[in-house]
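Shared between the two complexes below is subunit A, which pairs with subunit B and subunit C, respectively.
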Partner chain A sequence: MTMTLFLQSILAGLTNGFVYGLIGLGIAVVFRGARIINAMQGDFALLGSVVAYVVSTRLGVPMLPAFLTGVLAGGVLGLLVERLLIRPTEKRAGTEDSYLLVTLGGAFAVSAAVLLYFGRDSYVLNGIGGDASVDVLDAAIRVHAVWLIVISSVVVLALKLFYGHTRVGQAMLAASIDVDGSLTIGINVPLMRTLTFVTGGLMGGLAGVLVAPLINIHYEMGLLLTLKGFAAAILGGLISPVGAMFGGVLLGLVESLAVASVSSGYKDVITMVILILIMILMPQGLLGRRGRQGG
Partner chain B sequence: MSRGQDVFLGIACAAAVATLVSASPIRAQTAQGEPIKIGAVVSLTGPGAGLGQPERNGMLLAEKDVNDKGGVRGRPIKILVEDDGSKADNAKNKAEQLIFDEKVVTILGPSLTASTGAVSAMTNSEGMAELAFTGLGPKIELSYKSLYHLLPPQELNARAMLEYTTKALNSKKIGVLHDTGYGQVVTNALNALKAQYGVEFVAVEKFEVGATDASAQAAKVRAADPDVVFIIATSPVPFRNARQVRISQPIVSAIGSSSYDYVRGMGEFADDIVFPEFLVGEDPLPHQVEFVKKYREAYNALPKNYEAAGWDAVHIIAKAVETAGPDAKREEIAKALRGPYAGVFAAYNFAADDMTGIQLSSYVYSKLVKGAFIRLPFVAK
Partner chain C sequence: MASLTGMRNRLVVAVFVALLATVWSVVPLLAGRSTVDMLVFAALYAIAGLGVAFLLGQCGIVSLAQNVFFGIGAYSTAYGATVLGWPAPASMIMGIVISGAIAAAVGVPVLRLSGYFLALATLALAVIGHVLFLEWDWLTGGTLGIGGIPPLSPLGYRINTPVRFYYFVSPILLVLILIHYNLLRSRTGIAMRAMRDAPSAAAVLGVNIARLKVKVFVSSAILGSFAGSLFAHYVSFVSVDSFGVDRAINFLLIAVLGGARTIAGTVLGALFVTALPNFLSRIGDVHALLFAVLLIVAVIFLPQGFGGAVAQVWRHFGRRPDHAGRVTKGSPP
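After this line comes the complex of A and B, so read on.
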């Protein structure tokens, strides 16, 4: 393996890894606050990217406000999911399987709606810096990918501070850990759950506007992203947003280094073997135990 | 001349014009009577929709064209289009309905190889002609006497790529980047031909269908220092990744990657990519001009290969029914198809062993230059 190939693999792995981690981050946020596995996380991203595309391309709004609109759209969808899908399921004494199925159904519905209104074509969302790239010795990484990594890192740190050092963040954690105890001390548990899904939706919307310029917007993009994000979240410890990002980056690097060092044909085999070994040795995920302890 | 005479002259002129119009050849050629029903099973939804929808557009345009010109022996044709959802079992069910309930004279489609297999077993047992929008598939298809193919086999697509690479680019060292679906099928065909063309695949890297990034694989292809890079995928992602990791060599792709949808997705990287295909809407061959003009008027868009195949399918069947007669049995129509047909998409010969007869000479080579297709002068022989 040449140095150029190694460097390019690292850059590709980091790019993909942060993509997986962004989706995993949203899954972990929702699970941490509501103990629900949200199969719609990738579709929060899909909606965010679609809204950003419509606002920027068809309405001519500049990039930053268009991106913010996409992020907010994810948050709104998160709110609607909690009110229209999660609460009714909870009232009917839904189990873990029920929540998973209902969010899976929601994922298919969002995908179908995008297919109906936008068709099966792919759409290009312009990224930060357009198609420009940065040279790292003889390797290259898109300017937008660099921004994706930077923004994702900032968001992860911000979430850590939010959960660890703000009243609302700690109330959200408390509401998910012990509902009765939280009610006793006056925490508005239903509101905390709503905030959890709104936060998850905002994370999804952010993922959508950051990821879409790299992969193109397509109606099937949501479920594909959810699967990758889920792997990242499981690897990192489902309860830890930091762990999900860490898991995503590890997954991305393992994949790209497997391609570069062995063969693209064996990429999935090598990646899955390593993941299985990690899950056997560390069943809580890489940072899952620390997450439960409030990290 | 008096005012009354003026009025009389005007009325007489109007009556003369009305008489001429009512006796015009156009109105005399309007197709009338019981329509001749032609069934079509294509993938309008699901993964094959990128094939089925253009095929449907071409078929419906051709239906209008045939009927506007007087139909088949004065009778209109009616294309009954069904969606198989890209699933073989659905294709079989839809074909059953068309054959036994609607009593269609023939079946056009399906769009996918697995669906063709499911439908052709039925049409073969009925002795009915089937014009599939697929290339020759499993060997059993050779035993079917009335299954005809409108698209070339993958072996021919692979040859077309190698012809251009070895004869126009004079290159022997090739790097291949392909997806695990369509790309794998074409790569298998390429592997079977590489010895014959004396080429070496210095790198063969694959990525899964729907992958969000293939830059690691692209970097590995670049590191092998090929003269030419083959990218075969149903996604614009690897084309972008290839240029982003500084692959500067010419890229040759396959017909399945040449859609306008993918070109849009490539963004500024839709440049210096060659496709062996059959129709370049921006610069059609003389026998394709009329079809391109009519398609553009009807749909306000340029057609590509699958639209042309749909157009040809209907005209081929119309000609066969014209020959055999509108009340001919299905077997007679199937028999009337066996022979050459100069289509818009390709020059066919349905009497050939592969039930297609498409030759390398039917390929038209296009090159993407800054997002627009231009037709290359190269002709494969």
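After this line comes the complex of A and C, so read on.
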């Protein structure tokens, strides 16, 4: 492997890693607040990117408001998922499997709806800074990718502050850790649960609008994003947003170095094998120690 | 009174079975070619779905990887028949052996997982299988696929029309269902349900849980591979599009809709999953969206599936007031 190729792989891996981290972040947020694995996190991203694309190209809205609409669309979907899928399942004493099947069903519903609307074609969302790129020694990275890394880092830190230092954030954590205790001290547990899903949805929408300029919008993209984000989240201990980001970057780097030395056709195979190995060998993740239940 | 009711019930069952058998044998003569074609697909998917339903209903294992084994069976038959020139049973057995071996090798580590992790691990397997089917085009033909797979011809009788295949495949399905019913009543079946409902208790009583899970996973893979081989012979052309993750979802939907715990429900699930896209094809690709919504609705509102609903109705009508006007309990499922 030449130096340039190595550097290029590192940059690509870093970019992909932040993408996986963003998805993993949403999965971690939902698991932290609701103890549910959201198998449609990648499809929150799909919806976010589709909405941003439609608003910007078909309605001619400028980039920033279009991106924000995409993020909000993710949040709205999160709200709907909590109300329409999670609550009824909970009412009927859902098991881990039923939550997973219900969110998987949601994932296929979003994907199928996009298929109906968009067909099998791929669409490209314009990124921040267009197609411009920055040179790093011999390699290049797109301006949009730099923005993606910056924005994700800011969001992770903001989430950390939100959970650690605001009343709502603390209440959301408390509601997931001890339902009865939270009710006793006056926390509206169902509302916190809803907020958790809305936050997860917003994270998904954000991931979508940031990812779409780098990979094409395609109705099937959600599933792989979910699985890779899940791998990132487990690596980070499953309840930690910061951990999910680290996990994502690690996964992205390993994936891109493996691709550079094997073949790009097997990229997803490599990552899926890594995912299975992570689940078997280090279910607590690299950073996590406790607090994770199930699985 | 009890013996009289018993006799009456037996009579009802006999009439019901006779009616079903008549409908079964007459349908292909009355229905059009496309309907018979659809029934054949329903039977093929029911065989693969049976494996998924058995895993889900009796062991509590969500498997999203059945597309992999379905694909291995189909490609084994395709490769064996067109490239190696093997007789059909040999290719079929090759597929079954490969599927079984892979299921055992993968199952040993993966089936130690449970809950979310297990389901997502099988989903990851489904993705791996699909990518490999696409990448190994020297073996699978990739997106171009493999064509010209000859129809099955046992004893020189070519099963090359939907009607012939219908009469060929439905008895096989029936036998497989009966085998599974017997399996449920056996020692292994009891061990399985014990493992599903109270794993610790089952382990204490000497059920080797890890081994039993792998065994059931392997038998499910064998069913998937067998169905895939039959599928390849029937459609005579296989390509990677037939073995994507959406196929695995359909198999799971068959199990969930049919009601994983009632084995025969799988047939209802398969009929539904096959028939619906046919009826909706005029509107476009709506069935994928509808399937997704159905999966959600079934998991939330119909946890026992169609099979469970039928069993409930059956029990409801089985309940009759006795002389004192009390309702006697139906027999436990």
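We take it that the second predicted complex is superposed on the first by the 263 of 295 C-alpha atoms of A that agree within 3 Å, B and C clash if a C-alpha of one lies under 4 Å from a C-alpha of the other, contacts with A are read in each partner's own complex, and residues count from 1 in each chain.
Everything that follows uses one rule, which is that contacts are C-beta pairs under 8 Å (C-beta built on N, C-alpha and C of every residue); 3 or more make two chains touch, one makes a residue touch a chain.
Values in this document were obtained by computation on a predicted structure and should not be read as measured data.
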item	value
Which superposed partner A:224 touches (first subunit B, second subunit C, both, neither)	both
Partner chain(s) touched by A:102 [first = subunit B, second = subunit C, both, neither]	second
Subunit B versus subunit C as contact partner of A:185, first or second or both or neither	neither
Contacts of A:265 with subunit B and subunit C, given as first, second, both or neither	both
Touched partner set for A:59, first subunit B, second subunit C, both or neither	neither
First (subunit B), second (subunit C), both or neither touched by A:122	first
First, second, both or neither for A:137, with subunit B first and subunit C second	neither
Contacts of A:2 with subunit B and subunit C, given as first, second, both or neither	first
First (subunit B), second (subunit C), both or neither touched by A:15	first
Footprint overlap on subunit A, comparing subunit B with subunit C	224, 265, 268
Complex contacts: residues of subunit A adjacent to subunit B	1-2, 4-5, 8-9, 11-13, 15-16, 19, 120-124, 130-131, 133, 138-140, 142, 211, 214-216, 220, 224-225, 228, 255-256, 259-260, 263-265, 268
In the complex with subunit A, residue positions of subunit C that touch it	60, 62, 109-110, 112-117, 119-121, 123-125, 127-128, 131-132, 134-135, 245-246, 249, 252, 256, 284-286, 288-289, 291-293, 295-296, 299-301, 303
Of all residues in subunit A, those that touch subunit C in their complex	37, 39, 85, 88-89, 92, 94, 96-98, 100-102, 104-109, 111-113, 115-116, 223-224, 227, 230, 265-266, 268-269, 272-273, 275-276, 279-280, 283, 294-295
List of subunit B residues in touch with subunit A within their complex	49-50, 53, 205-208, 210, 212-213, 215-217, 219-220, 223, 236-237, 240, 244-246, 261-262, 264-265, 267-269
